[in-house]
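What follows is a pair of complexes built around subunit A, which joins subunit B in one and subunit C in the other.
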Partner chain A sequence: MKLRSDYEYSWWRRLVRFVDGETLEDAERRAEETRESHEKIQQKNDIEVEKQFEQEEKEDREDRKRRLEAEHEKEAMELLEKYKNWPKEHGVKIFGRLYAIMAVLLCIVIISTLLITVSYLPEFGHPENPNNNEVVEKYNKEGLYETGATNAVAGMILDYRAFDTLGESHVLFIAAVCVMILLRLEMTKEGKPTDKKRAEEENDRLYEPKNDKILQFSAKILVPVIVLFGIYVILNGHLSPGGGFSGGAIIGAGLILYVNAYGFEKAKRIMNRRNYAVISVVPLLFYAGAKGYSFFTGANHLDSGISVGTPGEILSAGLILPLNICVGIVVACTMYHFYTLFRKGGM
Partner chain B sequence: MEFVCNFPFFCIVLSMATGVISSVLKPKAAKALSVILVSLSCICSFLVLGYTIKTGSSFTYMMGHFPAPFGNEIRAGILEGVMASFFSVIMLLSLLGGEKYLKVDIEEPKQNLYFVLVDLLLSSLLALVYTNDLFTAYVFVEINTIAAGGLIMIRSNGHSMLASMKYMIMSLLGSGLLLIGISLQYDLTGHLLMENIQTAIAGLAKTGEYAVPLTVIIGLISVGIAIKSALFPFHAWLSDAYGFSTASSAAILSSLVSKAYIFLLIKIVYRVIGTEVFWNSKITNVFFVLGVAGMLFGSISAMKEHDMRKMIAFSSVAQIGYIYMGLGFGTELGVVAAVFHIMSHAATKSMLFVACRGLSEVSGDKKDFSDLKGAGFRNRIAGAAFSVGAFSMVGVPLFAGFISKLYLTSAALELMSVKMAVAVIVLAISTILNALYFVRAVISIYTPRNEHYRDASFRPGKTFCGGMVCFIGINFVLGLASYPLIIAIEQGLHMFW
Partner chain C sequence: MEWLRFAIIALLLAASLLTAMISVAGVFKFKFILNRMHAAAICDSFVLLLAMLGVVVAYGFSIATVKVLLIVVLVWIASPVSGHLIARLEVTTDKHLSEECEVRE
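Moving on, here comes the complex of A and B:
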């Protein structure tokens, strides 16, 4: 008979107990006794049945079974091991080969498509080509008078299509910012690295070569010439081939040579972090401001008050000369900065 | 010329200058400047939108003293106004919502550089929206790509480095194809200004001259942009890039960067190649097939994820599949639906990313489903925003996602071809799949568990709450009052001709 656990506390039982004159303890003891005796009988039965079963089983089956099981298990384990190791041994290899084959096929398809396309394009340099149109004609014929630049390319990139070049110089700037995020070491105010890992990276700088006499001697001769040549290329940007981008790259190369010969301590006198920030931000702001003014006046058909000057003179071509200087400074700074950042940490 | 016409140009140049100045400012000042800039760009874009709606026509703005085919030019019509104001609003809300987490995720001395990236990204987004010149578009695609890579990388842990590397490789491949396409078309047409190219291409299409290179050009430009906006088989970079960057970055990347490229593609289709040539070129079929495949596989990948943010990222693949499917219909209604889906998805996905960060903040900064259980009770505003976003993604009526699915379906029903059947069936399946994983996520965040993460002193930040409330509001506005917007999009597309 199954009883609920709170059976003894039910109103009915209380009434029965009250009628029988029992206390709660008595009832509980009795319930305990019946449960125990029940359990004993059940256990006895179980044990007997089990013993019988075991005796029957043991004698004839156990040995055979154990042997079979062991064999099966061994085989299964071997198979499992084989399957598990298969990708490690072969999978990557097969994938790598498939990947290489597919990559080569894809490249061949793309290359052949592009080559076939090129064979259909208009012949190079033919006077009847579609890109020999009124735009090119105007650039060639009137460019000199409209922009004042004898170097037609400078006139195009810094006057006709100045908006594109403004964007392009910001591409350089944002690339420098990204490299800065990636590589710049943060220092405390005393010029010490902020944490231990950084300090270890800093230690790499101890292995930089120092005081190479031959290098220093050649740098002493070369650097001023290189920088001077760069300045010439920038300043003559509107007169002859060259301009801000190429001149800036030359100056940047000169600065990098100087750093290699004389070390960062000396270079820091001119190019430290504060100076870099000023030197890179001011030209870009001037650029944006000057071109903003020119765009605004142009679009609203106002007179900008910037004269073209006499073509061929050094002070001519309106905004092109100052803009070339700005672009040159930005390019030189960016190149030098990249170099210093890749030496683990920056200036 | 009205003074309002100067505003697009002001916004672009100002955001460039602000980005440059921010590189030497303290983080706090840079943040304030950035927020002011984005708000200013919101206001200006809305004024431009109002002006174009009032005059009912678009205007061009000469960048310099030389008229269009010789100098640069930008152009603003209704659709440009809508997109610019929408992008600015979403960017502002993403910045405000994720502002608190920037401080946690980014090293202190580099925080100002984050705002440099954001400002330059804004300038490139606006320039991509307003440009009327294919090469200008390419220059700003470059800025956009590098800024996006920086936004992923700035978190500076191993995962985000790897993610940004993947992103850069894929994205630069896309840029390269786009550049090759632009150069080849210059060889055929001799122009970079959109109207002139369109006239030249229409002439070429009529005479049948240069048919092979023209097809290749269309293919290169389309594939290039498809890679950059993570269309289905090119989406390998996406889950890591969105899953491991800081909350604002993920919101900005998913809702603005990839969408700006799609908008550029629509602009190229309408204003450079010409709808007729483009729709006859059969590349729409490729878009359709890839879009449909993306809808299915994106959802399936999302269902397998245990990481909540990666799940949201994979659902982006599915949603971008919807947009490309709309473009793949090759009808105007399809494009309208696609543009609307760009907006509804941008509004929803950025909200989901920021809300998910809010939920993981109260779950020990973990992102797995098991840890996020009960997070909806611990951070109520984030939970509410997440649920709204999830319902919008599934397409429950009242929310933005429903309207875009409605328009996509009606655009599909107009087709009367095999595409119709496929589109409708896959839309249905994809909706069910969306429901499966988004409803699971909502149930999971509202299952009362993980009481050990409860922190009685936790209060969500004021800007976070404000951002979330605005996001929810935008979702309801898009879901309940979409009609004027659809009209504006239609008118804007007509102005493209």
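Moving on, here comes the complex of A and C:
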């Protein structure tokens, strides 16, 4: 049976007790007792409830704290992810847009510059234009006399337009340097190959025949012929079709065949890095110096002191022969070096 | 005599052209690399020889003839070797070689 807590004080109960013969004092005492006990219970309950409350609150707070922390962490991770992916998602896009805009702008600038220049040029195909009469006439009439080269092309590219050819040689050299920057694998400070380089060297001939006897035999026959032919083309550049570029390419091909047949160890005896540096820089310097000298004297109407010689002889045509040799050396070295760089990152 | 010479030149050049056609057809027709190489090698050897002989007959004997024959000799040295290297590379790298041809273990 469930009773209210103040059941003892209810007027009905008091009436019952009065009827039962309870005096007023008794009633008061009882009331006090019950009140005390009730209060005690109340207090006890209160304390317990408070404790429970506190605990619950504590747990609640911790829980909320933990949840908040987790949320913060999640947000931070998302932010980090976003920052990490930013260059991939937006940076590339922005850069691509910028790149496209700049490329279009650059193209427009170059095209407009060229078109403006073209508008000042004489009309194309006009018979009175200098390139239709004066230049050709000069090359045909005085080319042999002035340059001493029976091969008119060699006279043009190495005498009249030698600055252009100097630029071409430098372009080759700069291309080799750039590829070297990108592809060359460095040694360590002690001069030993790094892990990457060693791995590359092991990978180098994974699928290719090592010391293939057939290849070696044919290379033994072909390499001297090829190199000799290249030298012939270079040395005969001012007498017959050919010259530095074609001869150098032939010699470079011969060197590449030699490396394929006999491996890098043997090829290193002639073509190592130091040799490469020397024999590609010295010809370029000689070329620049010689041509600078001849341009200086020519522009100031001075006698250069370099005789043209008898056209048709091997030692003739002034500077054309040495310049052909220089160009040939640079081209051969560059070709060979490109091959080694692309194959295993260095000689 | 002149017509005989012309006939020889025509025969040589026509034969070289025909062989070149067969070679090209083989390169596109065959399925596997080693077969294709066989077809392509015809171009390097036989076609070159026939065409150069035709040129030699057409222009008569001179120093250029020696040069032309030297070209033939050098290409005949170089071409089989390059074919050998390509075939070797193919054999080392191809995983399904036994499906294409008989492989002796």
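One rule holds for everything that comes next: the second predicted complex is superposed on the first by the 198 of 347 C-alpha atoms of A that agree within 3 Å, B and C clash if a C-alpha of one lies under 4 Å from a C-alpha of the other, contacts with A are read in each partner's own complex, and residues count from 1 in each chain.
In this section, a contact is a pair of C-beta atoms (placed from the backbone, for glycine too) under 8 Å apart; a residue touches a chain by one contact, two chains touch by 3 or more.
Since we're looking at a predicted model, the values are computed, not measured.
Using the contact criterion defined above for the overlaid structures, shared-chain residue A:Ile231 touches neither subunit B nor subunit C, since it reaches no partner.
Shared-chain residue A:Gly292: touches subunit B; no touch with subunit C.
Shared-chain residue A:Tyr139: touches subunit B; no touch with subunit C.
One of subunit B and subunit C touches more residues of subunit A, and that partner is B. Once the two complexes are overlaid on the shared chain, A:Val171 sits against subunit B while remaining clear of subunit C. Once the two complexes are laid over each other on the shared chain, residue contacts for A:Phe163 go to subunit B alone; subunit C is not touched. When both complexes are overlaid on chain A, the residue A:Leu121 reaches subunit B alone and has no touch with subunit C. Interface residues of subunit C, counted against subunit A in their complex, comprise 74, 77-78, 81, 84-85, 88-89, 92-93. Subunit A meets subunit C in the complex at residues 207-209, 212, 214-215, 218, 221-222, 225.
Every residue of subunit B that touches subunit A in the complex is listed here, in rising order: 1, 5-6, 9, 13, 16-17, 19-21, 23-24, 61-66, 69-72, 107, 109-110, 113, 116-117, 120, 123-124, 127, 133, 135-136, 139-140, 142-143, 146-147, 149-150, 153-154, 156, 180, 184, 186-191, 200, 210, 212-213, 216.
Looking at the complex, you find that subunit A touches subunit B at residues 113-114, 116-117, 120-122, 129-136, 138-139, 146, 159-164, 166-168, 170-171, 173-175, 177-178, 180-182, 184, 186, 277-278, 280-281, 284-285, 288-289, 291-292, 294-301, 304.
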